[in-house]
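What follows is a group of structures, each given as structure tokens.
Each of the next two complexes has chain A plus one more chain, namely chain B in the first and chain C in the second.
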Partner chain A sequence: MWDGVIIGGGLAGLVAGIRASERGKKLMLVAEGTGSLTYSSGALDIGAIDLLQRSEKHPYALLQEKSIRDGLAYFQTLFPEYRENAEKPPLVLTPLGSCRTGGLAPAGLIADRLSQVRNIVLMAPKGMKDFFASVVKANLEKEFCQSTVRIYPFQVSAFASWYQVGRPVNGIEYARFWRTETGMQELGRLLGELTQDIEGSSVAVVFPGLTRVFSESLQKLLAQFPFPVVEMTDMSPAFGGDILHEALKRKFKELGGEMMIGSGVWQADCEGKTCQQVRVKSKGRDSILKAKEFILATGGVFGGGVEVTPTGAQEKVLKIPLFLPSEWTQAQFLREQPYARLGVEVDAALRPLDPQSGELIFKNVRVVGRMLAHWDPWVEFCGGGVSVATGWLAGETL
Partner chain B sequence: MLAYSTQVVIVGGGATGVGILRDLSMRGISALLFEQGDLAHGTSSRFHGLLHSGARYVVKDPVAATECIKENLILKKIAANCIADTGGWFVQMKEDDPDFVERWLAGCAASGIPVQEISVEEARSREPLLNSETVRVFEVPDAAVDGFKIIWGNAHSAQRYGGQYKIYHQVTQLLREGDQITGILGIDHVTGEKFKAKGDVVVNAAGAWASQIAGSAGIPLEVICDKGTLLAFNHRLFNRVINRLRTPGDGDIFVPHETITILGTTSEIIDSPQRNQPSDAEVRRLMDLGTQLLPRLAEQRVLRAFSGVRPLHREDQEVPGSEEVGREVSRNFALIDHEVQDGVHGFISIVGGKFTTYRLMAEKVADWVAEKLGNQVPCRTAEESLVPAITEALRARAFQLLPLGATDKMLERLGEWAPLVLDQIEANPAKGQMLCECELVSVAEVEHAVTDADTHSLSDIRRKTRLGMGTCQGAFCSYRALPLLWQEEEKYSSLKDQLIEFLNQRWKGIRPVLWGQQLRETELTRAVYSGILRLGDSKKA
Partner chain C sequence: MEHLLKLEQERDLTLDDCIKCSACSAQCPVAAVYPLFPGPKSVGPDMERLRLEGVRLDTSILSFCSNCKTCEVTCPSDVKITEMILGARQAAVKAKNVSSRHKLRDAMLGRAEYLGILGTISPGLTNGILGISSVRWLMERSLGISQLAPLPKYQPRFKGLRKSSAVSGLTQSLKQEPPSRKRVVYFPGCFINYNDPQTGEAVVKVLEHNGYEVILPPFHCCGVPLQANGNFKGAEDNAKKNLALLAPYLQEGLPVVASCTSCGLALREEYPHVKAEGAERIGLQTYDLFEFLWELHKRGELQEDFHEVPRSLGYHPPCHLKAQGIGTPSVRLLRLIPGVTIDDLDAGCCGLSGSFEFKEEKYPLAMQIGSHLFKRAQEGVAQGKFERLITECGGCKVQIEHGSGVKAEHPIWVMMEAYGLSDIRLSDK
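Up next, the complex of A and B:
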């Protein structure tokens, strides 16, 4: 019998698992797929907490301000390289070279320093996929108008055969390369050459396809140079999100958590308001996991936790009835899309409620992250914050 | 004001219009075509893509059926690169009337349509998704046709013979002097400037807009706008066209096109050619009807829903298929000589018709025009291929430079321009990368489309290259096309506006079918453009 079974291994599920394990709970985490963190750049959006708390039934509105702050602070104790600035959210660079607020971001991504220099060197790795140097330069010059931007093309002998046949090198492939022995030597040599080539002291370097988070050696190497090196966020799938996912899983395991990855929970056995056990298809027959508590962290529509058909929508694991908006879409694609707010309604303790009657459905289930109703990461820019805060609260109270 | 002068002005750049342009040009008659949007802006870009064998019409309209089979064979000869000769099945389900089957078989024989019966066991093994409760299955020479390729093929063939066309040039009115139509007035949507064109003859091939064109000179012409909605599924559900063997109705045809399948269609008389947004009710109806032929339909991913407006000619109910003075009527299409009908010279309208018979319609119009102009050159559009054949040498060279799956697609799209694009890839291998990974379109090919004088938006690029028409519906390739547009700064409106317009246009077709995997893809697209690129944020420029 587990203290808790966590269904879903994304940001919210893993944060919940880490906190609960730290508190001495024995946990099993079941994840069907790879989670959505791989699509993320690794910078976590927090959003305007004060504003969103005034939005009825928003996850931030359900949580006390203190819980949200505690949850975010907790994340920073787990991963000290992640910085937040409560007064002024840090800026990070989009793959196009424009700026956006970064919420909670690893130090390497924070781009505010660029407004303090007169010269920006934009590294242009040969053949890097979905990277367009002249567009990035134009956007950097627009954003940091006190600075001139110089494009610095370079190539790497490790990818010579790729260049020759015109095969693009993904940001992930470059990022992985820089973290190898050979890669770090190459990086040292490259930045050394650059140091010789630079004139003046007011210089910063923008380096796409480089991620230093969770790599002490890379950070030590970069610190040797007389200029700050600013990373860029990447198009999906991105190394930054992937490495954060790995770090979360590692932490969870170090604290004694166990994981089953590759097969999902296909059925839950419940009695009244208590969920007793869940079934996972494993090696041709079901594994049965009994637990005192369950955390549903299955990621909503994108994560696969909600299935939408032409005739309706269903929460796949526990069959919890969903809040469904009456309008579904509107014409401006990148604006408010009502369907995005579908999900499970919960009480302040994150326990699922019936959307019609408000009645408690399960006493021993907590719902976290994207599965919750009444929020939309793509217009509110609070995906990371909601996942971390609700995950932390579930792990804290399990 | 810019003034053009030609022998024949053609209004409308759909299949019929470009077909006429080609036919006239091949006969040595100078012709200039004006199209309000991009080629195939109207019905020709919003149809089923079915090259009829004619079997669908044998019982109710044998004249149309006979025309179809003849044109079917001609097009397979002259436009082989635009057609996938999949064959088609007519499938009788247990509810279907067996008497109809007998009349259908007799009708096929009478119209010259070859029919072969397939055993039900063989049918089930060849098409596992087909409803297993079929009674009888018959094979006919239906095929799948790529409308864009046919239209570009006709347009370029016409150009080779001196024909010209201008897109984004909307004809706003006919010029009438007494009882003579002398030309047209229009507006160039790219520059915003008005233009004029004088011609000995004006041909009205404006499809759903034909009555507006005729009406501008006080000439009454009734065109019925009949809306048909279609669903594009993300997979090749069947390997051949599948028809229901019964009186033709809604939602009873599936047509495979490369990696997708189109289910259609519906029929609703509407009041304007602009009303081409599919409704939720139409989508539900199609899903219900399609399930009868493919029981597991609801599990299949729908890419998008779209609607086309069929421009139909009002049939004379009392005398079906008759020849009134001044008209040639096959229940299929009508050629209206306004000299006979309305006493107005130099003006002809062509209304109705099916894509399958566009070449025949064009031939009839060209015959009429040639007679008026005293030109005796016979029609050769059925003899000569639309596109010069791809040589073995060119094909071999392309296989060296592009991935296997991409090569044939590129060669078929680009034809004689293929060497130009291959040169670019040879000079810079990075340009052989697939910019659109769903439809396998290289960077070099997209660049070629971007720099074309006729290309003004991401949507134009989409029609020419199929960028954004595949599984991701533009999620990744639109981002990759932006820097190419950026290089041609003066030609394109702000990149962000281009992108938002393109995404909104794709969104129109996705909204009515937003469930399952398509909904998940939509969330990913929002994550990329709104979250990672922050392009939806109105606060940031």
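Up next, the complex of A and C:
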């Protein structure tokens, strides 16, 4: 019998697992694959907490400010390299070189420094997939009009055969390379050459395909360089999300948590308002996991927690009835889409409720992250915050 | 044929589940080191669409899939990516673009069992010959078997418990009791049979210590090496032979345990699709060794008279354990032993992938694939975090020792020490 089984291995599920393991609980986490966290840039959106917590039924409204703040603070104690500035959310660069606010972002991504320099050097790694130096340059010049942007093309001998056969190098591949010993030597050399080449002092470097978070040696190396180096977020699957996912997994395992990845729960056996056990699609036969409590962190439509069919939408594991908006879509593609708010309604302890009657469905199930109803990550920019805060609360109270 | 058709239909259905997120290609160990391999998404579901339309594609790249199944574990949409690649390889088996030299080599490496039988006639002599560098050079030039690859050493064949090793007091005392009705079938696999019989003996001892009579039918190779080297017919034949040996026990409802994670995966994933008696039960009744021991623990039937084992160990989860989707039962179980601490490295594929690394053109890739794990192993030892690694897979063990110089063992040896069944301490092995 496990103290808890977590279904879903994204941000919310892992944060819940880490907090509960830290409290001494025995936990198993089951996930269908690596989870959509690996698609993310690694910068977590928080959103306007004070505003959103006044919005009826919003997860922030259920949690209230103290829980949200505690959850976010907890995340920062886990990963001190992630910084939040509640007063003035930091800027991060998109893969196209424009700016957006990044609620909780690793220090290397924070781009505010660019507004204080007159010269920006844009590193242009040869053959990098989905990186368009001239577009990024144009956007940087628009965003930071006080400065001139110079493109600095370079190539890396380790990828010579990539260049030769014409295979693009993903940002993730560049980012992994810089973390190897050879990569760091090459980076040291490259930055050394650049230092020789740069004139003046009001300079910052923008470096796509480089991520220093969770690598002390890379941070040390970059600190030796006389100019600030600002990273860019990358197209998915992006290294920033991947490395955060790895770091979360590692923390969870270090604390004694166990994971079954690549299988996934396909059914739950329940009695009345209690979920007894779940069935995992292991090879050959189901693995049966009994637990005192369950955390449902399977994500939304994109993450695979909700299945949408021509006739409706269904929560796949526990078959919890979903809140569904009366109109699903609206004509203007880039405007708010009502379907984004579909999901499971919960009480303040994150336990699922029937959206019609408001009645409690399961006493020993908590729902976290994207599966929750009444929020829209694309309009409210609060995806990371909701996942971290609800995950933390579930882990804190399991 | 019928089941093959059904498999193909299932594969076609999962083709549409691929949302092109590229998560699999981002995690593929081969694509990361080999630019000509475009990654599982491309050679799997992307090209599958063209293959289904009858478009003829260059099939030579398919052999660079190492069959580690990381893509299938990674995929959030349950797409059978490796299965698609293997299927395409099967279709291209008579491909003209495989050099005859490599054809012979692949046929040989697929036959781990025959090599084992040959090699163990006189293990000392075989190891001696294979230890001569000019022989290895010749093997590379003539067959394409890398002269640098860590070919595992042969040992006298595993024949269950030999008398000399069954002297431990506890095993003895159990033997004197009336024969127990608890029985289990053990599938040792080629590595135990020909390269590491001591570990096989340890498995038997631990099962016997728990009151089980261990049945050891004369199994053949599970078929994974054959499949990985393009001999699909041979793999299916082996599965049928093994199922014929298993059928009566399966009928009785006996559990089958595998201590090798690739054999275990084949029994659970491939065998149920074979048209033979027992196929319908094999998946249901096969257990990874430590999964089985954990089941005993859950039922309160595991002997937990553990001695303290003050050991810090690093753990490498084999790819084919991950692919079974059962978690890491050995870590879970060994943590019940007082004194044991385990650092689950989870640092990716070791690179060996069965016989992938033994091939001259793949050896450097395999070493690069494993480099991350080697580094973690070396750092862990240097920083005093652990003294050695444990891993269930014999191939991973050989590769870790070859690539990092850090000793690796099957986790059963920790159980042996905890039960006081081992004359040799783990550290002396």
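As a convention for this text, the second predicted complex is superposed on the first by the 398 of 398 C-alpha atoms of A that agree within 3 Å, B and C clash if a C-alpha of one lies under 4 Å from a C-alpha of the other, contacts with A are read in each partner's own complex, and residues count from 1 in each chain.
Quick note on the criterion: a residue touches a chain if its C-beta (ideal position, glycine included) is under 8 Å from a C-beta of that chain, and two chains touch if they have at least 3 such contacts.
Bear in mind that the values here come from a model prediction, so they are computed numbers and not experimental data.
Engineer: Given the alignment on chain A, is it a clash or a fit between chain B and chain C?
Structural biologist: fit
Engineer: Is A:Phe381 touching anything from chain B or chain C once the two structures are fitted on A? First, second, both or neither.
Structural biologist: First partner only, chain B.
Engineer: According to the stated criteria, A:Arg176 is in contact with first (chain B), second (chain C), both, or neither; which is it?
Structural biologist: Only chain C; A:Arg176 stays clear of chain B.
Engineer: Where does A:Ser147 make contact in the superposed view: on chain B (first), on chain C (second), on both, or on neither?
Structural biologist: Touch partners of A:Ser147: none, neither chain B nor chain C.
Engineer: Please compute the chain B to chain A to chain C angle from C-alpha centroids in the superposed arrangement, rounded to the nearest 10 degrees.
Structural biologist: 90
Engineer: Regarding the shared-chain residue A:Tyr39, is it in contact with chain B (first), chain C (second), both, or neither?
Structural biologist: In the superposition, A:Tyr39 touches chain B and chain C alike.
Engineer: Examine A:Ser215 and indicate which partner it touches, taking first as chain B and second as chain C; both and neither are also allowed.
Structural biologist: neither
Engineer: Just checking: does A:Ser236 make contact with chain B only, chain C only, both, or neither of them? Give me first, second, both or neither.
Structural biologist: both
Engineer: For A:Val165, is the partner it touches chain B (first), chain C (second), both, or none of the two (neither)?
Structural biologist: both
Engineer: So, A:Met28: does it touch chain B (first), chain C (second), both, or neither?
Structural biologist: In the superposition, A:Met28 touches chain C alone.
Engineer: Could you tell me how near the closest CA atoms of chain B and chain C get once both structures are overlaid on the shared chain, in Å?
Structural biologist: Superposed model gives a least chain B-chain C C-alpha distance of 6 Å.
Engineer: Once the complexes are superposed, what residues of chain A are shared between the chain B interface and the chain C interface?
Structural biologist: 39, 164-165, 167, 236, 304.
Engineer: Across the complex, what residues on chain B touch chain A?
Structural biologist: Where chain B meets chain A, its residues are 283-284, 287, 298, 425, 428-433, 476, 479-480, 482-483, 486-487, 500, 503-504, 506-508, 511, 514-516, 519-520, 523-524, 526-537, 540.
Engineer: For a test of understanding, state which residues of chain C touch chain A in their complex under the given definition.
Structural biologist: 21-23, 26-27, 32, 35-36, 38, 72-78, 265, 267-269, 272, 282-284, 286, 322-328, 331-332, 335, 343-344, 346
Engineer: What residues of chain A sit close enough to touch chain B in their complex?
Structural biologist: 39, 41, 45, 94-96, 98-100, 127, 129-130, 132, 134-135, 138, 163-168, 233, 235-236, 301-302, 304, 307-310, 328-329, 331-335, 337, 339-340, 377-379, 381, 383
Engineer: Touching chain C in the complex: which residues of chain A?
Structural biologist: Of all residues in chain A, those touching chain C are 28, 32-36, 38-39, 159, 161-162, 164-165, 167, 170, 172-173, 176, 236-237, 242, 249-250, 253-254, 256, 258-264, 280-285, 287, 303-304.
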